[in-house]
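Structure incoming, see below.
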């Protein structure tokens, strides 16, 4: 049941990287939302491979079909199932390396856990699994935007040591983000990042990066106390994305190097609501949204698949030199932007439904 | 149900900061484990207030009683309930500030969420709630140590900008950690940290810090794919602790500034198992433990309660100057060490039980 | 985690029959409900032992304390914990029979399941555990009555082969039910039932019976499709009560002996809502309430503890004659009436909260 | 999330009666089980429409495809997704009756619950949804048979007032059951039942019936105390099947008319285990299996769709005479036999995995 996420707005994903395809079931989506495939496909297109020279050449159109839960363009309130067929799987690419667990991949751990594993590619551990999440997340986004006006925008804020300058989180749009292949809205930084990624690719290597995400127009009161705090479930959601190594919200790690008198977000009147002067809290206090934007950052390691030869060991412990097959991204962050947005949407949609139980109904 | 955590080894906490007391129910603890209060009290003593001049003076002995689930010193496999009575609650300290939401506290968000809140202290949002987690975590630790030999040790690795030097994570013990009040095993750093915290307290201010935690002797194969990856559930667990703003595992945010050829943990034979030469992965690959130590870091912000006057707004949006009542810690990390350890233990115990479903039974 | 029940209105019970006491945690109860112990105690008094000559003489006052979640007589929306101390446990009564599993008790199955069991009485399998449910159910009832006007009334409709005549389910009240010790609202049947139970007790034997329950004033639309149908979760709830062997709703087993043309509940206008002419459905269609009363029946077997000697086997398979110690009820149905009501209330409260996620909010 | 069932062996179904198709995802199935479509199809064939003159003429081959989770004929331990396409949906059959809620159908309750509903057939409330359960259940059965030798056999024990005589539950097989179209192993009763059903069909009417199910070779110790007792989860599972009105286990309702001295199942040695002389308990004590066969009965009402005209009301409360369109079964029990078996298998598979957490591992 670890392939399911959420309490009331609940997604279950299925499918292996090199099997027939992948998919998702969304159970708990509210009824009467206008929905068809064109609401979902754009985010899948932003996640799909072979979209630019920065990404893996594996060529998947990632066309989504809504198999159930929608009739005449409206959600029924019943489980929405989504199917994305694999087209360009290449089982044979992986044959020669089956006896050698790829360093920093899940080959070894899946084999130990299950006593068996998919013979080609990463199976469920492949980032391909996230297409199901992105499809589901697009539905969550539609609900959040229509019912609450919530907007979620993520972008690449760092690649290796190239860091984009701070920007106005109240204004940034996906259009701004998509102006560059690398999905960094700062043109200068974007150019440097792209050059650096291509250089790494040419060297047979890979590089890490950071994604920043903002969620705007949230009502105060979302998130559940104690174990299901908004930041806690966001952290789970983000660290469940392949290749992630860190999460921080608001002031984050930098907040540990601050004094309370600097860090405290004092209140002030903002129109008809109470807002805060600063936002070191990142939009949450005590695990519950306060009406300010949620702002968080996610660290991605460099992809484990590289072309450079690696001295490692096979399953029996014998020394081997591995030269990797398979196709891969030299840096995951450009394609991970819609994944981060989708997981954020799934988290917030669930909190929105959970908060309804405390509200007066009409 | 957000006061419950875990799938098979499941803890539910209850109780408010200034009510009759707090407690926890642990459902799913294996039967026939030797257990009495003396297994639990030591970690509570490490978490209790008034343990040193670095902590809040609120004087709570935090004596735990096992109310059910244990008979003649053995767990029955039934729910273990744990009760800790409040002794030094001071409801009146909070009267005057009830109309002013304390900056960076949960007063405002709880009020919006529920339309009501505890009139004294933080209620459920208070760190006092974590005493229940620590009591439950001590039971998880006992199970993990007896059945798997797992050891979990956390320590303060930074206070404000004072950073302790790296240490040998394979050797560090709680005894090393407890040599200083601040729970930093490096004596020089510890001294500086303590001075800095006392200085902040005297100035009516507070400071943040970082806790590092290592989990040793884990078998490979723990953690569940996709949404319940080990790092994802650890991240949720850590970000559910009050005052946390960030989590990173293995290389963490620094990993985003690395190349794949540096970051990959190549395999080599270690005795009768396959190990890795480096541990940038932090003990997990694809969300599943690989047999190397889990190593992670948690960022804590400075406590929100400070004595310095703060210009803020009351619930109606009127400008006010708040001078805080209540007792508080100038820095939470010394007392948060056992909380981090306990949450890690709860996560790992649950994964250990979940993995059993895939194993051959006798 | 099998000691928890419900998705949003969630109760967790704890405690053994002959330990320090029993209790419950209710997580998810809406905030701002007026609540104190006097709302809970009456149902506990209807469930308590030693309330009449028809029940076990074990003398437990079953005084409940609210330990958390309520402040100044209002629920906070946080976990409500409830404690009931045991007073009259008699551990020594069970010493001699520890090596002999009592026929039709859970002694044998708990021993096999856990490899250990409570040395006295039934531990968690004892009906004493249900006091926690009744306390939690009283809170659910208060919420349902105040927010929806929902009324839940159960009564004894059969003891052994003595069957009470049909009655007007739209009118019956708990006051009617409590007019007789046996909790059958028909005076003639009640008298016969009481005589029969006393006769069985004097003979050292026990007898079974049936409880019928009606839930009135439910809005249409409660209950969740497919696996969490209203009748399915009610069935789970009822079969989770000790000593139950059957559940039927509406026409029940008799419905299997009917034709569709008789059984179909045709619609007709009832005031401003659509109602049904008959109610063979028992208030639910497709798992969802239709606005008619829910009506269901629960079968209870005769209690397993009897004074008559029984030829059975000990744990090693040796023939023994068991003469039971311990105190017990000759028939459980009089005391099970509030248990049935409480479980029904927990089920409906959870459905009410779950339905809110589909409703427009103010 | 009400379309999911189970804690560790967890099935999620999706799909509407007259949409593209239906399906299921099984998450938590153990790895390394030999599995392909031929393991699943036979139970789907026993459930499919148009299999005999006793069933609906809707012609669905119900061919299942395994879309994920299996590679080279072995389960991977990852989610197994199953797809069954609809072929003979007839949307137009339902056009004329959309404004009239069919009596004793879920048309009215779904409309109220969701404010929208599938325009054709029952959508998710249709028994067609159970094809996904049957496919999932066939996988559970394979696991249970291979790992434990568990056998599950259900049969039609009553149609209307025609009751089959008792039979030897230790011997009955599916082959015996399938000797007659009606799936009653007693030839005389089967003939009478078939005649009666055809008579009802010819009269434009429908009839109810009862299914009995036995589960053999279960180990003692399965089932979880308190709320997830084996009988409680079986009751939920069975009452979640469309058209069910009652459930009883062991002595059932008849047990309420017995004395303890008759009803108690005394122990005796059976080979190397402790067994019981009688089995009024139905294989469970205190919610946990005792090693004797589980035996239970499920009551089905007559199908709501009949051809006879019905005086009822439309959604606005106006009197109408409804003459039903759509195709339907005159009696559901022959096709419900594999559904009952599948739900039982899902319940037991989940309990088997849950019990593993308490067992010593190799």
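As written, the chains take the letters A, B, C and D, and residue 1 is the first residue of each chain.
What we mean here is this: a residue touches a chain if its C-beta (ideal position, glycine included) is under 8 Å from a C-beta of that chain, and two chains touch if they have at least 3 such contacts.
The structure presented is a predicted model; accordingly, all values stated were derived computationally and were not measured.
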item: Relative to chain C, chain with the most remote C-alpha centre; value: A
item: Pair sharing more residue contacts (C-beta pairs) when B-C is set against B-D; value: B-C
item: Euclidean distance of C-alpha centroids - chain B vs chain C, Å; value: 39
item: Between chain B and chain D, centroid-to-centroid distance (C-alpha), Å; value: 46
item: Residue numbers of chain B (touch at least two other chains); value: 1-4, 7-8, 13, 28, 31, 77-78, 113-115, 124, 225, 358
item: Sites on chain D touched by chain A in the complex; value: 1-4, 6-8, 10, 12-16, 19-23, 25, 27-28, 31-32, 67-69, 71-72, 74, 76-81, 83, 113-119, 123-124
item: Sites on chain A touched by chain C in the complex; value: 7-8, 28, 30-31, 77-78, 225, 353-354, 356-362
item: Of chain B, residues touching chain A in the complex; value: 1-5, 7, 13, 101, 103-106, 108-110, 112-115, 122, 124-125, 129, 158, 160-161, 200, 205-210, 220-221, 223-229, 231-240, 242, 244-253, 255-269, 274, 276, 280-282, 284-290, 299-306, 308, 310-313, 315, 317, 319, 355, 358
